[in-house]
Structures are given as C-alpha cells and as structure tokens.
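Please see the structure below; I have some questions.
First chain written, first letter: the chains are A, B, C, D and E, and each begins at residue 1.
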Amino acid sequence: DDGDSDSEVDVASNKDCAAKTKEARDAGDLTEVSLQLQWVSQAQFAGYYAAVAQCYYVDEGLDVKIVEGGVDIVPQDVLASGDVDYAISWVPKVLGSIEQGAQITDVAQIFERSATTQISFKDKNITKPADLKGKAVGSWGFGNEWELFAGMQEAGVGVGDINLVQQAFDMNAFLAGDIDAAQAMTYNEYAQVLETVNPDTGKLYTPDDLNVIDWNEVGSAMLQDAIWAQTEKLSDAAYEEQTVKFIKASIKGWAFVRDNPEDAAKIVAESGSELGTSHQLWMTNEVNKLLWPSTNGVGVIDEAAWKQTVDIALHTKNETGATIITKEPPATAYTNEYVEKALAELEEDGVDTKGADFEPITVELKEGGK
Amino acid sequence: MREGRGLTLAAFLSRFRGVLLGVLGVAAVVAAWDLYKAFGPEQGVLVGDTRILPRTTDLAMPHSWEMLQRFGEPVTSLRGAPDAFSAVYDASMFSLGLAARGWVIGVVVGLVLALAMSRFRIVESALLPWVVLSQTVPLIAIAPLVRRWGSEIEIGGYTWTSQDSVAVIAAYLAFFPVAVGALRGLKSPDQTHLDLMHALGVGWWRTLLTLRLPASVPFLLPALRLAAASAVIGAVVAEVSIGLKGGLGRMVIDYAVAASGDPAKPWAPIFGAVAIGLVAAGAVGLLGLVLRPFRLTGAPR
Amino acid sequence: MTHAASDPTAGHAAIQVRGAHRVFGKGRKRVDALSAVDLTVAAGEFVSLIGPSGCGKSTLLRLVADLDSPTSGEISVFGKSARQARLDHDYGIAFQQSGLLPWRTVAGNVELPLKLHGINSDVRRERVEELLELVGLTDFAKSHPDQLSGGMQQRVAIARALAESPRLLLMDEPFGALDEITRERMQNELVRICAETGAAVLFVTHSIPEAVFLSDRVVVMSPRPGRITGVVDVRADGMVAAHDRSAGAREEEGFFRAVGEVRSLLHGTPEPASAARGVDNR
Amino acid sequence: MTTVASAAPARDTRARLPITDVRWSTVLAPLAVGVLVLVAWEWVVDAFDVKPYVLPAPSAIWTQVTDHLDSIVKGARVTGRNALIGTLAGAVLGVAGAMLAGSFRFVDQMAAPVVAALAVIPIVALAPVLYSMFGAAVDTGRIIVAGISVAVPVYLNTLRGLRQVRQVHLDLMTACAASRWQVVRTVTLPTATPYVFTGLRVASSLAVIAALIAEYFGGPIGGLGKSITSSAASSNYPLAWAYVSGAIVLGLLFYVVTLLVELWFSRHHRPS
Amino acid sequence: MTHAASDPTAGHAAIQVRGAHRVFGKGRKRVDALSAVDLTVAAGEFVSLIGPSGCGKSTLLRLVADLDSPTSGEISVFGKSARQARLDHDYGIAFQQSGLLPWRTVAGNVELPLKLHGINSDVRRERVEELLELVGLTDFAKSHPDQLSGGMQQRVAIARALAESPRLLLMDEPFGALDEITRERMQNELVRICAETGAAVLFVTHSIPEAVFLSDRVVVMSPRPGRITGVVDVRADGMVAAHDRSAGAREEEGFFRAVGEVRSLLHGTPEPASAARGVDNR
C-alpha cells in the first residue's frame, strides 16, 4: 500500500488481468483515466473496482486510477477543477455545486434508488416522517440531509420542530439512545446496527427491532451515485468516446457485481477497504438492490426521477432556511447520450443491463461486521 | 562509594523513581477507568441534564483489557489480514513519516520567519500578528484548499501528491511554535554579548552564527518539541480531512464504522496517535542532549 | 608584550575626548547623559571613572569603544577615529557581567576575538595558553563558565580582552559583581597584569578604594547632566605609579589621603533636597 | 551559594505580557500587510478568473459575511459557548492539578506521562469516543475536547510558575511563622498567576478550534464548524469562508479577552 | 520604641550559640558549613559576621532564625529555643535580595508580617505610616517595588523587618546588591534606625569598612570548616558605641585601625598555595 489516496487498485485475485494490464500499459495502448470517489474505498463503489479487477476498463483501452474521497473532499469540485476525469457523487449535492459554477454533467445515473433511510427502535414508534416531530433526529450533513428534510416538509414537520443532531461516522449515538431516529444507508449504517449485540437479549439486533422510514416509499427520494463528467470537455470527440467506453466498462463491472457478489466484496476488500468481511458482503448485496432490476438499463437517467430531485432541491429548506438551488439547473446538468451508446454496445456484447430477474442473496451479518 | 548489596534495590528505586511513578500514574488511570466502569452507573453521572461522568456501557467504555486484547486480533476476518497491532504500527509509522516531513518544513519556515523578524523590526511588527492569527484558522478548513492548490503544482517531473498536502498541513501547525520560540531565542542575547560582538567588529551573519543561534537553543528546544507534537496532530487531522490512505487518520474513519459492534477497535488509532506523538516529542528531546552545552546558563558556581 | 615601540601611531594619547556631548531621548524625556566632557588618557596610563549611578560613566566608555556615537564632540583613540580604532582591534573590552558565552569553554571564550578575526588555530592555541597562564586559569581551559566562580569568570573576561594584545583596555565595572574580598584579590591581579602588558586602561567603578588603588588618576563625575567634576591625581598624593603598586598600598597614608579627596569630591557637590529625606539618586 | 547578585533592583521576575512598547509601526505595519494581501488576493482572483472552489475572492466572502451575519453570529455563539465553558473548566482543572502536582512531587511524576499523552491526542481521534461516552446529542463532548486543549497548557505553565517561587520569599514566610495556606495565598499563587495567564493565552484560541473541529464529528447542529462543512459540501466556498472568518474572529476574541483579563489582573495587583 | 523594660525575658542575651555544628550532604559531598561555633550577642548589641564566601555566615544566621537546624549544638534567642523565638516573632529579618513581594505595594510589603499575624487593619495602617516615616519612604507607600531603586527597596525590607518592633534584627548582606555610594548612605541610615529602636543586630557582610562602621563587634570567620577565627571589638579601637556613630566616623583613626585589624585577620590566615596563583577560594 503506497498510502496515497490516488492509489491504484492492486488486484491480486485476478492474475490474468494483472498480467494483461501490465502488458497493455507497457505497449502504451492505454489512456489514463482517473475517477474520484465520494468516500473511501468500500462496496458502494464495487462496480468500478470490479471493472478494474476484471480488466473491463483495460479492454476498452482505459487505464483507470481510482481516487478515494475523504471527509473534506467534494468530488464534484475535484472534477470541475480538472484534477480528475470523472467523479461519483449524488445529484442533490452536485446541483448546488453547478449553481455555484461547477460545469459538470451527469452522464450515467448508476443508482436508480435511494439508499438513505431514517431508522429508529420499535419502541420509539416512529414509522412515518410526521412522527419525527419533537424527536432527536440524526443526520450527517455534508449534503446527505435533503431527503430527510424533504420528507419532513411534506409531512408538515419543519427543521425547527425536531432536535437535529449531527451524526458521527459510527452509530453509537443511536444505540445509546442519544438519537431517536438516525440516518442510515441501507448498505452501511443499517448493517452497523445489525452487527451490534443487543444488551437486553445478548444477541445481535434484528430488523424486527427497527422501524425504517424509506424515502423511496415516502416519495422524497433523490438520485444518488452518478457518474459525472466535465461539461466543457464533452464537446471534445475523444473525451466523448472515452466517456462512452468508461460508462460501458463501469456498467459491465456492476453486472459482474450483480452476478458475483462474493467475489466483488473480496475485490473491494483487497483494494484496501478495512471493513469487515460480512459487512462488505452486506454492502455489496444492498448496493446491488439499488441498481437491479433496472427499469431502463443501468445508468439511464429517468426524467421523472430527475425532476423529483430538482423539485426537492428547489423547494426544501434546511435549518438556515436555505435551499439547495434557487433556479432550475442548466440543460447540461445531465445527458443520456453517452449511457445510451454504452448500453447499446453492451447489449450487442450480450451483457444483461437490466437484470430483470435479479435476486438478492441473503447475507448473515456477524458481530462487528467481521 | 562502595555499596552493600542491600542498597542496590534502594538505589535502583531512587534512580528510577520518576519512571516507576510514571508507570504507576498510567496504571492509576487504567485502574480508575476499569473501576469506574465496574461500579459507575450505566448511564453515567448526571447533574441536571449534563452528564459529567461518562456512561459505563461496553459501547461507551470498553474494558481496558479489551482494548489491549484487540491489538492481538486480526483487523478483519479476511484471510491474511494483519493483526491490529501491526496494522496500527504500520499506520503509525506512516503518519509519523508524514509528520516528520511536516516538522522539517515547519521548522525551516519557522526559522526563516524568525530570522527575518529578528533582523528587521518592521518585519516583526508586520508579520507577528499574522503569524498568531494564522493559528486561529481551523485546520480542517484549509486542508482541502491545500490539496486543491497542491494539485495545480507540477514542477518538472514531480507532481504533487496527497502525501505532500498532509505534510504541508502538518507544517502549518508546526511552524508556529518554532517561529515564535526562535524569535524569542534570537532576541535573547544580553546587551553585553551584543556589545562584545560589535566591539570585535563582527557583522550580522557572524553574530548570528557565533551568538544569536547558540543563544536561542534554550528557547528553540521546547519549541521544536511542541512543533513535533503539533506536526503529529496536524498530520492525523489532515489524513482524516482528505482521506489519505495508510495513516492513523484514515484508520480513525475506517475503524469508526466498526465502533458499534467492536467498541474497542476505534481506540487503537488513538493509542497509535499518542504513541507517535510521544515518540516525536521524545526524539526531539534527544536533540536536546546533543545540544546540551548550549543550554548552559553561565551563572557562576 | 608592550607594543608602543613598534607602533606607527606611537606618541598619540591612548584616548582623547574633546567636548563630548551625548543626549538620549527628546522633549520631556531628554537626558543629558554626557555634557562637555574633555578627557585625555596617555598611553600606558590607568584612569578610573567614578561617580553615582547615572552620571554617564558607561556612556563615556561606550563612546570610546564606538558602541555608541556622541551627539557632538570628538573622540580619538590613538589618533584615529573611535570607529577606526574598533575596526583595527585597538582596544580590548570587559564588562560588569563577564559576558562570557556560556556554551564555550574557557579556552573557547578567550580565543573568540582571535577566531573571529581569522587568526589560524595554532597561533590561537599558543596565545590562549599564554593568556590563561597570565590570569592563572591554565587548569580550567576546558571548563565551562558556569563551573567557575564569579572571580574566575572575570579573569577569563580579562584574558579575552587582552587576547589581541591591545594597547588600551576598557573596563566597565568589571568587579562590580564580586564580593569585596574576592574583589581585592582581583585588583591585585589587575595591577600585575597591567604592569606586564603596559596597556592604558579606562576603568569604570563605583568603589572609591578600588579607583584609588588601581589608578594613576581618578576622574570624578556627577549626573544630570553627566560631567566631570574633578580629577584626583593619585600619584600627587604620594603613591607610586599604578603599575608598580603592591597590595600593601592600601595601608599607605597617601592611599587614605586620596580616598578622602575622592570622597569629598563625590559627596561635596550639594545634593538635591530630597536626598536628605533618603531618596537616593539611582 | 553565590554572593554574586545582579546589581539591578529586585525586578518583577514574573512572565511579562507580550506587549512591548506600542509604536505606530506595530499597529500600522500589520494593517498594511493585511490590506496589501487582501488587495493582491482580490486582484489575482479577478485577473486570472480563479474559480471560487479554488480560491474565493475576499469581496465575495465579504458579501456572504454581510448576507449571513445573523447565522454567523448565531453559530459563533454556539461554538463560542462550548469553547468558553471548556476554557473555564480546563483552566480550573489545570490550575488545581498543577497546585496538587506542585505540592506533591509524586503527583507530578505520576501525572507526567498522562499529561504528555493528553498533549498529543488529536481531537479528531478523541471527539468520536467522547460522543459515545458522554452523549452525542449534547455539547459535553465538545466542551471536554476544548477543556483538554486548555487544561494541558495551563497545567504545564502553572506548574512552571509554581516552581518560580523564590527561596527568599519562602524563607520570609517561615520567618514570619506563616501557615501553609498563608504561604499559598501570599507567595505561591501570586508568583504563579502570570504563568497561568500565559498558559491561558496560548490555549484560548486553541479552545475555539478544538470545539469547532469536534463539531465535524457529531453533536447538536448550529455551530460554526457544521456550517463550514455544509457550505463547502454544496460548493458554496465564499459562504464557507465567511463562516471560517467567523471562526477566526471568535478565536481572536478569545485571545484578546484573555489578554485583557490578564492586563486587568496585573493592573488590579499592580497599578502602574 | 525600646521594649526591653516591659519584657519578661529581659536580662537574657539576644542570641546565644553554643557549640553549633552544621553539616550538609554526606560521603564525599559532605560540607562542614559550621563547626564548633560559639557566639553571644547581647541585647542591643550590633555584631557583624564577615568572612569569605562559603564560610558559613548565612548558615549561622539561618540557624538563629530557625530557617535551618544545627546538626549539633544549641541556639537560644532571648533565652528560648530558636523555634519558639520564631513563633513568638521575636526577630525581624532582612535578606540580600530585598525579598519584597513584587505584586504588593511598599505599604503592603511593610505590613505583611502584621497582616500574617492577624493584626487589625487600623493598627496596621498606623504602624506602616510610622515605619515608612522612619525609613523616609512615606511618599512611596503606594508604589510597587520595581518602581524603587535598590537602596529604597532595601529600606522597605528593613522597615518590614522592623514591623513588629523586634528586639533582634537579622540581616544577611542587606546592602550587598547596592553600589558603594548608595551603600554608605544606607549604612548611615541603619545606624540611625538602630539607635532609634535599640534592637540587637546580627549583620552579615562581605565589606570590611561596612562591618567596622556599623558594629560594636566584628566576628571574622573562615571556611572549610566554617568557624570563627577572631573577634574585633571596634569599641576597643577607640570608637564610640555603634548606635552613636556619625558618618564622620569613617574618617577617624580608630576606624582605620579596626579596618586594618579585620583585614589582617581575614587575609592573615595562611592561604592555600593555589591562591597565590590567583585561584580564589569561592
């Protein structure tokens, strides 16, 4: 491990690919491409890691370097400033940046569904947004809070009506009862709770102990992980072509994750993720549920969903009374042009890009995610 | 000076009294921790609504031996995963390396500033307030900026890496005590000594080398030690901030995810940070041994 | 070790101060540290400056050493400007606080002037040996200053002042920090050393017996403005030239006569009214 | 055992304020530098069309400051309250601990490694576990973090101050047959007070930073730290820097207030 | 302001030291700071201790003040143990470094012993006024020590030592840090004050003229081990009792005779060979 967040994915599990990559690199056949993640390495980004490990990028002539994120890293700004070629970020977070002058475009909406939920213990009786009133409600901030606020606003609960608490990386505040309803990604924090021993029973918590408010069901879900590209460079044919190739290989990676969740989890772990094995697999499986089955093919931006996201971004107020954006985003904010090309090519190659008969696996979480 | 055998233990005790008491002090803290955990109320001690003593649940306060034990266990259940001790050790060394780079940069910058300020009064009045002000800027706010600006830099074949950013951020904390301490040190020589140099017709540079630098050592050493501790803190904060892989900062983020199921785990990087902080400060302390003659006061016997 | 013979500037007085004024501050804070001071020190002569605190003794000495410049008036050292004399290393200087560098050994302190002036190390070693012999500290060459007593430190400082065999020594209360018994011993030493080197000395002190015992002439000063109020020629009181005195000189009649003279010159100036109520004029 | 004494009158050996003679240049020079830097900064941003996510212009930051002054002040109040309580608690703890360590050598030696460890713990590592221990929906964790960052320098400085007590003064107290408590009140504490303040001065703006960084890791919403991250996360860098300037002003305020308290205190004890 | 008349312990000597030994350290580091010291100071008598550095002057004074205890031997003050005398506030003490508390005003420093002993504030104020009058510092009551000259500081320290009208004053080189001119003035003051209060004084000094001028008797000590080598009765040399002297006494013949006697007692003891080469024995 060279200890650098600009680290390359070092995949030992696939010897063939490692050799192939080296060969192609030495021959000078590859174009260097960098991808900025939104957070540190974990199965949330399994598709991209798999695409590297399975040589899908190399097959497209791309030498992809995955750059991890951090607490203070704003992927869309790293992209807008030209430090990387593509970035993964949530649409609501980027809409604000676009209004601030970042010229970037959503070229593939990888996650179709939102993974953000608000969870609470059964005894708190919080089953719908209206129940949050007067409660200690956790949120991470950093742009992760808008679905919560939108859901509450819909139900007539203002930000001032709750005791809003900044949530840490861990779920201890929730478990200790400091927070009544905590924000939880289905693929991460929800699992963290289920990996913890319930002191009352001596066994792990189960889904039966929890009430979950799912923003997809409430109707305030917003679009999450998408691949973003630099708007200006999209007028450059080479970059356009490269974008198609990048999307194509990425989706192929995600298809691999769908079909081989165990292997995918292992690939991510080998990329340096410190998460426990069962936790990693859980995350892989949950992330799969966000993509598959896909309505229009993975990556296609659904206009209704986009509109819902923009609407919420325009009208939801946070604790200071601000909204994400004050005016409609420019037309360049998203395009299906490249993803459709990529899907067509994948179709030709016989890759299933809809996963209509996708069935999630069952993952047993171990204590501490081990 | 012949001593009976019976005396050796007493002599040993008196010589290592400081060390023994130090160990005892740490033991007392550990004992207090476990005793409180054993007998303190589950929800801690509250005065009104304010909790003044912590909760004693396993989640809030793992047993001290669990934290220790945790070091012997593998980090993940992945085959070939290193035990937590070696993981923390590696991360600590990585962070220590970055802190050392930051320290060196900070020391150089601090010294240059101090030299300029001690040479020209106007530079001192113009810069010193800003040097003080610089330390009121929250580190986390500048970390992403440093990374962003750094990525614009490309000198020759060298491209800026995130490691460089971390080192620079560590230097941002480290330069301050050095600048202030060295300034005081450089201005510390007695008028008598300065008069002597003048009477000998010696210029500024020779005076600097013969008098001011040696005279600044007693001020510089504590400053360098403080800078070492600051550099470690800066490096860890910066790692958290920009998510740099390999060090303790990143380990804080990674292990936090396991905090609920494995409450002892997040303590590992804390111990690592304390250890390298002490190592860094101690290493600079060794420098003090080398420079011992310069710490003499010259007061007559 | 006397140099006058081979010196082109021989014949000049060691120090010549003419109409020197030195004013510090301005407006209400103006202090006339020195006013219309005239003073000549002949080559090889030992002259002491004495007077209450603040009368400008140090200021005068610093003007001669070119550590400060006069507001008006002229100062020449061996016929050159004070600045030129400083750059030519024409004088050696010793201060009240011995001013040794604590991190250098005794030898290192003594050789400092030589080293700074680029004398090569063999010559330096030899000279340092000679000097330490002179001040009786050969055995302490490798000690650090804080291992020495105050008196020994002062001897090191004197050795350092003598390092370049200057024909003029400037000393600002070099024994001020010593107890009286050590001090008397140091005075005896200084007489011996001056006799051996034949240097002229300008010596600042607060002590009447010290001034009288050491000097050919004692210059008495008074403050506000700092000026010379009188000069006592100790030789005229029947004592031998300063270089030739022995410890016993302190018991001679001429000594007591000169002490009395200096004391009355010092206290004779009518004191301000407040002094009677006990406000001393430091 | 030396009789060599400086001829200077018994000087007040206590640590001095960092205020030497105030001249025009000491006020004007830093202001000139500040103005120069601001102007150059504005010009660079303007001339090279620097994007706000690289470097926002001072004018843009200023606009945000005026637009969001309410919210900045509100945030500063929250963060400042935590820092203030932390500072006071830390100071009391530091002084009390130092007095204990000053009276009993074994306490000092036992505390040494613990204090050294506390001095090098990064807040980022400590904050999360403190939230678990003391609760994440309250400010206690933040206050403790601020308190620790104050207590350590105050402890170390006070201890140093206590060691400055001069033997003559103790002898005098013995000669007067003073009681233990009288010695503490008349000699020990007054000797150490300026050192306490030196420690406080160093620590005061640290407390603000500590309280602010702790906000990154949880706790009630409303402080400056949280506002900085929210604005930065939505790429509103001028606003983020408006909050950062709020934090800087708050840190300076703490510094200046301790300085004034110190001045007042030394006046109170020694009218010039 | 003399108290002897109304005192039950009257008739006792102020200080009686019998066979006092004081040893510091052990093994190779053992120092015999005092060895077999016998000394009696009568009530109202002024006795000076003089001797080279390290001869045990301060040690002896500290034993009398009960700031330290003898290894063997007996010390009584006004017939009581030193400890009892200290607890009874039987003596006042002044140190070389005046030992004023810099954070207290002049008045605050002077009243300190009274305050510590719970005297009420009206009485205190009156007494402080009296004392400041005595030492001539009435106008400086509200000043802080660092605003005073060294001489004035020493006067404050003396006033403090006198605060409880002790019949015994212990003074450890109180004028050591002053320049000679200020020092002579302070000596004159001290003579006057002692005459007014009639207290006995044990006075440590390095200065021969000072000892002679001030004392009824001068006790000469020598080091390693610290012991008394002789006593000079100044009155026997033809001077009046210490309390009755004037500044002019310094010009009397008896003064010079006594100075000579003390000097020869001090230097007369054969010095170690090294001293001739200039190693002073501090």
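As a working rule, a residue touches a chain if its C-beta (ideal position, glycine included) is under 8 Å from a C-beta of that chain, and two chains touch if they have at least 3 such contacts.
Given the structure is predicted, the values throughout are model-derived calculations rather than measurements.
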item	value
Both-way neighbours, i.e. chains that touch chain D and touch chain A	B
Pair joined by the larger number of C-beta contacts - D-E, A-B	A-B
CA centroid of chain A to CA centroid of chain C, Å	84
Rounded Å distance between chain A and chain B, as computed from the means of their C-alpha atoms	37
CA centroid of chain B to CA centroid of chain C, Å	50
CA centroid of chain B to CA centroid of chain D, Å	18
Shared-contact residues (touching 2 or more other chains) in chain C	96-97, 149-150, 152, 176, 179
Per-residue overlap in chain B, given as positions that touch at least 2 other chains	55, 59-60, 140, 144, 148, 240, 256, 259, 263, 266, 299-301
Residue list for chain D, restricted to those that touch at least two other chains	2-7, 53-54, 128, 132, 135, 138, 216, 232
Residue ranges of chain A in contact with chain D within the complex	71-72, 74, 76-77, 80-81, 93, 96-97, 100-102, 136, 138, 141-143, 163-170, 172-173, 176, 178-179, 318-320, 324
Residue ranges of chain A touching chain B (in the complex, touch as defined)	1-7, 39-41, 68-74, 77-78, 81, 83, 168-172, 175-176, 188, 192-193, 195-197, 199, 269, 272-279, 366-370
Chain D residues touching chain B - in the complex, by the definition given at the top	2, 4, 23, 25-26, 29-30, 32-34, 53-55, 106, 109-114, 116-117, 119-126, 128-129, 132-135, 138, 140, 205-206, 208-209, 212-213, 216, 225, 228, 232, 240-241, 244, 247-248, 250-252, 255
Touching residues on chain C, where the partner in the complex is chain E	52-53, 135-137, 149-152, 155, 176, 179-182, 185-186, 189, 206-208, 251, 256, 260, 266, 277-280, 282
For the chain B and chain A complex, residues of the former touching the latter	55, 57-60, 75-78, 94, 140, 143-144, 147-148, 151, 161-163, 240-247, 250-251, 253-263, 265-266
